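Report on the following structure.
Chain IDs A, B and C follow the sequence of writing; residue 1 opens each chain.
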Amino acid sequence: MGNCQDSCKNFWCGPKNTNIRVSLPAVCFVWQIAMIILFGIFVRYDIEADGYWPEYMKSHNITSNIENDFYYRYPSFQDVHVMIFVGFGFLMTFLKRYSFGAVGFNFLIAAFGIQWALLMQGWFHSLDPVTSTIKIGVENLINADFCVASCLIAFGACLGKTSPVQLMVMTLFGVTLYAVEEYIIYDLLHARDAGGSMIIHTFGAYYGLTISWILYRPKLHQSKRLNGSVYHSDVFAMIGTLFLWMFWPSFNSATANHGDGQHRAAINTYLSLAASVLTAFAISSLSAKKGKLDMVHIQNATLAGGVAMGTAGEFMVTPYGSLIVGFCSGLLSAFGYLVLSPFLENRLKIQDTCGVHNLHAMPGLLGGIVGAITAATASVPIYGPEGLTSIFELVGTTRTAGTQGGYQAAGIAVALAFGIIGGAIVGVILRLPIWGDAADDNCFDDEVYWELPEDEESIPPILEYKDHMDTKNPDVSESNFSVEQC
Amino acid sequence: MGNCQDSCKNFWCGPKNTNIRVSLPAVCFVWQIAMIILFGIFVRYDIEADGYWPEYMKSHNITSNIENDFYYRYPSFQDVHVMIFVGFGFLMTFLKRYSFGAVGFNFLIAAFGIQWALLMQGWFHSLDPVTSTIKIGVENLINADFCVASCLIAFGACLGKTSPVQLMVMTLFGVTLYAVEEYIIYDLLHARDAGGSMIIHTFGAYYGLTISWILYRPKLHQSKRLNGSVYHSDVFAMIGTLFLWMFWPSFNSATANHGDGQHRAAINTYLSLAASVLTAFAISSLSAKKGKLDMVHIQNATLAGGVAMGTAGEFMVTPYGSLIVGFCSGLLSAFGYLVLSPFLENRLKIQDTCGVHNLHAMPGLLGGIVGAITAATASVPIYGPEGLTSIFELVGTTRTAGTQGGYQAAGIAVALAFGIIGGAIVGVILRLPIWGDAADDNCFDDEVYWELPEDEESIPPILEYKDHMDTKNPDVSESNFSVEQC
Amino acid sequence: MGNCQDSCKNFWCGPKNTNIRVSLPAVCFVWQIAMIILFGIFVRYDIEADGYWPEYMKSHNITSNIENDFYYRYPSFQDVHVMIFVGFGFLMTFLKRYSFGAVGFNFLIAAFGIQWALLMQGWFHSLDPVTSTIKIGVENLINADFCVASCLIAFGACLGKTSPVQLMVMTLFGVTLYAVEEYIIYDLLHARDAGGSMIIHTFGAYYGLTISWILYRPKLHQSKRLNGSVYHSDVFAMIGTLFLWMFWPSFNSATANHGDGQHRAAINTYLSLAASVLTAFAISSLSAKKGKLDMVHIQNATLAGGVAMGTAGEFMVTPYGSLIVGFCSGLLSAFGYLVLSPFLENRLKIQDTCGVHNLHAMPGLLGGIVGAITAATASVPIYGPEGLTSIFELVGTTRTAGTQGGYQAAGIAVALAFGIIGGAIVGVILRLPIWGDAADDNCFDDEVYWELPEDEESIPPILEYKDHMDTKNPDVSESNFSVEQC
């Protein structure tokens, strides 16, 4: 019994081993080969990407190649793709010594995630009943990017505190949960959420926050010196911020209805984002002693308008309605960074590196609520007879607008549930001490998983940063082991 | 009398207070709420973004959603948007300690400016006479971005020397002046300027230069140590340069006529830009003792071909004509950086941080002149009968080509007048000591308006930068007050 | 005889003079004027960019401006353009002190190269037999970018070791060789290579490697301290990596057949790239003692899937086939960086700064082979009757699929031959000591060709980098001369 207890304790509370030389390659190779096998069994080209497209055109009276879905959707796809890889990746480079991990792990888990998402979402949405194969076209690529976005949001909550193997596991489950959640919300509840305020942002944020809560690190303050930015890492992060901000209209319109739906979603998102910039700057200045702005707010809270306009972007919220949504979400988000993040960390033990609670969770909930209200007040005079049913297909037949609003709200609940429950389960799995994560005093440091270039600017003057120099002591930092955690 | 003089002197010449904790939030909140109210009164969706689009399609025999203007213009819009936010924003990050202000204030004033521009330009161009509302679609978004570009050019002249509140005021008036100028040039003079050599670049540059002249800082040399770049800030600036250079064909073609107009404007701009790269490199090397290149030239003068092709981009200037324009504008611009900027500063008291005189003013004038000459020589054999009137709608009916050339030249005069007179008025307003601008010895420093991260690379070795260290003395830098200016 | 030998020795082995104050401006001015003259003689607008387009529409029953090729191709063009200028340019900024040269010289030679390519490729492909003029439209711009890409790949092999004048000469010949090679492969062999695995990557890589071999520098180790990255230069390089990675589907689909061809090429490339990310990460971790990742692999080997999918992207390789190609190319490329590059340098005397052998040469060959195999196994059941001939126009008439496969393989041989033989000739020309290249101990240093900002972070603490400080001795570094080379 004593031995059992001891070995238990050693298993759970032993020193951390960050050597991923076996686990990361194994995960990458095995999962990539699995993807190849599954794609071999299931995935084929949609007819619009198939050699038989010319025959299909003839038999369906399509006169011009311009009708191929590629020309409708590829430009939107590229904008979304830039948001996923450059937007999210560089937004997270603000950490002074975790830029490699931020942009590199974002790259890795997104590249894996889009493959797994094509399968998961394909099984739900693009399965040809005759051949039992998944037919993929550019719309699948867009939806896969959307799915992966939720995992990248979760990554943001855990940034700097997880190993890349944990991130891969988190993505594997995250994509699966997303695909099920998306099916429930779109196909069972018949709720609309073209820009994913609920499906992507609410789910992704609570998924990541719950995992972060399960993986709470009591001594994370020992890594405090690295949990922040330096001047140029903040400038790198602005690359991410700006690409997200500029392309968010594409994100929110990419899967909206052709024609006025996409057009309106782009305009609404553009206006909402513009307003959230002004309120983010305002709160940032107001909250500082001498009115000085804080880059954290400018990098993040300015984006809240895009999150909050995800659900209602394609609805007839009116241009000034979009400005109001942006105004409120910018306020909410900046307030979150100022007040809620410290509260979450100190009282609720949720360590949220990127503040996804303030940028994705709260604005995502706001977006879902705005969507519910706007849906509930939809009517033929506002949308036109065809416009109303093209967005809310059941309204007017089996549902009233009010009921649709109720289903929209139910969608928020589903997204929350999947995020929290899914996050709890995955969090427990990730707590197993087998994934190569670092000790509490060794977080936010690229040196754990990357060969770092010999770099004079990373070695600070010895007088100013004595304690920093101590932790750079080769005997400590080079080792993959560190002190007991429990 | 003495007291009056004293209080006058104290008002105008007292120490500068850079605490914007009240003024910036006030401006942001009040103006954003004003935008919401004005949008509520005036702004609605254009029919192409409205729920009634399907009905409109039926009644107007539009058979496919692909005819929605969104699909024609959205890709151009995104390219222009990237130029405004990333292109201009990052081009100005060359300053070693003003990258936050460059990219951050660019972000703020553009986000406000596009809202105000939608209103101002909407009142002039998109007002529905029946409902007295402004109908907005993606073309309005493009034009709003164009309008804001002129304010960002003006920002470049003042970079590092103004407070964000001054910049907001400058943008408020700049957008207003632009909208009136645009109306005069397009609708009264019937001149063409699709890429804005006159309307955007000439106006914006002289607006900013005049403001900078009014706000002349006699002791600016005290901030000299920060009025320059460091190695990596020059690399950040190249991000801006390249995105501007690559997307300029989209900028100059975005509002050209569909079909050959847009196609030709893109080709002409592309060629002109290629040539200005070669001449910019040539002059840069030729002017240096050992032939060493200067990043200032490469970041800026290489773009002159795009500015100079703004007016004539859609005209039949011929491909080699575009190369000649680019050749000349690159020369002119590089020459400006080498010779004219010092002259402007030392003799004319115009402190032009980004050298907008060399990149926007002179090439903008050149572009207007090229446009005037090309218009004056337009004829049916060159353009084709339909081509001629589709660009120069009055030529052949109420005007000759020669007259059109005269009106193009008049457009240059209008742009100049608005820039200089408008800049003088606004400059005087901005001279009021109420906007929170910094003292002459405290310019080009993010530390004035931003919480800066603790950053070892910003604290130089004490031996090399002793005077820098002095100004980093917390008693001096932390204070919002500094010595008398007058 | 003795005097002759002495002057010979002085000519070839005298001290290096890096003063390019005459040669670079001369080359830029003379070649730009030559471009203007040649464009004046030869280049005109294609009808789709000409004022007579409306007349052409009428006479050819084209009902809508949307049929103008501009709308089909401009979005692809912009993506390719970003890859050329930002992708390649920033990928090469990884060198700690050669970021200016990387991004700046990339800018210069691309701006010149696209002009010369428009002429060279125009003479082969777009010459109007009646007027003997080259008609250019947006498709010519895309092909010019493709052509220039091969020269930028060659630049990567020589990065840091050549003067900008040498690079201009290398580009002049590279574009010429490419145009001839392209003509042979496309028009004589009738091989397909939409994404350029053979035409661009194989040719460009071997061209650059051969030049680098001819220009072998025996004492290059003296510049070793600068032949590497620092922390933030690696982050800058990730900007390049990501823009290349994201837009590669556009690159490989830009010149594929309209409709399913472009759609399929984008999907295949996307999948191949996703797989190469996973295998690149896997090998990188597996090969390091503690499983630590190496940025060199992440920046480069992750892109191999795009190169290897260049030829076969538009073929019916199937989605899982694309994953397999990506899987293998990522492995191959990472293995190249780990094992082959040192071998190439130490045994074969090929100094390959960017490792283009691992990213472009080997994956390019792989891509050509995959193309040959897929072409050889093409058949009507797979492609459909119209699909087969739309890609392989001669198959079924004058050739079998097997023969087509043979011609594809012949294309690889042609690309190799042009690269190696062309590179040898150009390498000998570049060996002339007249181009202003630096001495072996003065490579990888921007200070040779650029005015560098005074920059505290480039002056390392004197204790750590004593030998670096020695080379920063103004007497040595400021001089354009350095020790004998032979």
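Keep in mind that, in the parts below, contacts are C-beta pairs under 8 Å (C-beta built on N, C-alpha and C of every residue); 3 or more make two chains touch, one makes a residue touch a chain.
Please read these numbers as outputs of a predicted model, since none were measured by experiment.
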| item | value |
| --- | --- |
| Chain labels contacting chain B and also chain C | A |
| Interface residue overlap between copies chain A and chain C, same or different (over half shared) | different |
| Distance from the mean Cα position of chain C to that of chain A, given in whole angstrom | 34 |
| Multi-chain contact sites of chain A, meaning residues that touch two or more partners | 66, 75, 232, 239, 457, 461 |
| For the chain A and chain C complex, residues of the former touching the latter | 18-25, 28-29, 31-33, 35-37, 39-40, 43-45, 48-55, 57, 65-66, 68-71, 74-75, 78, 81-82, 85-86, 89-90, 93, 97, 99-100, 103-104, 107-108, 111-112, 114-115, 136-138, 141, 164, 232, 236, 239, 436, 449-459, 461, 480 |
| Interfacial residue positions of chain C with respect to chain A in the complex | 66, 72, 75, 79, 96, 228-235, 238-239, 242-243, 245-247, 250, 258-260, 262-264, 266-267, 270-271, 273-275, 277-279, 281-283, 285-286, 288-295, 298, 302, 316, 318-320, 323-324, 327, 382-388, 390-391, 457, 460-461, 464-465 |
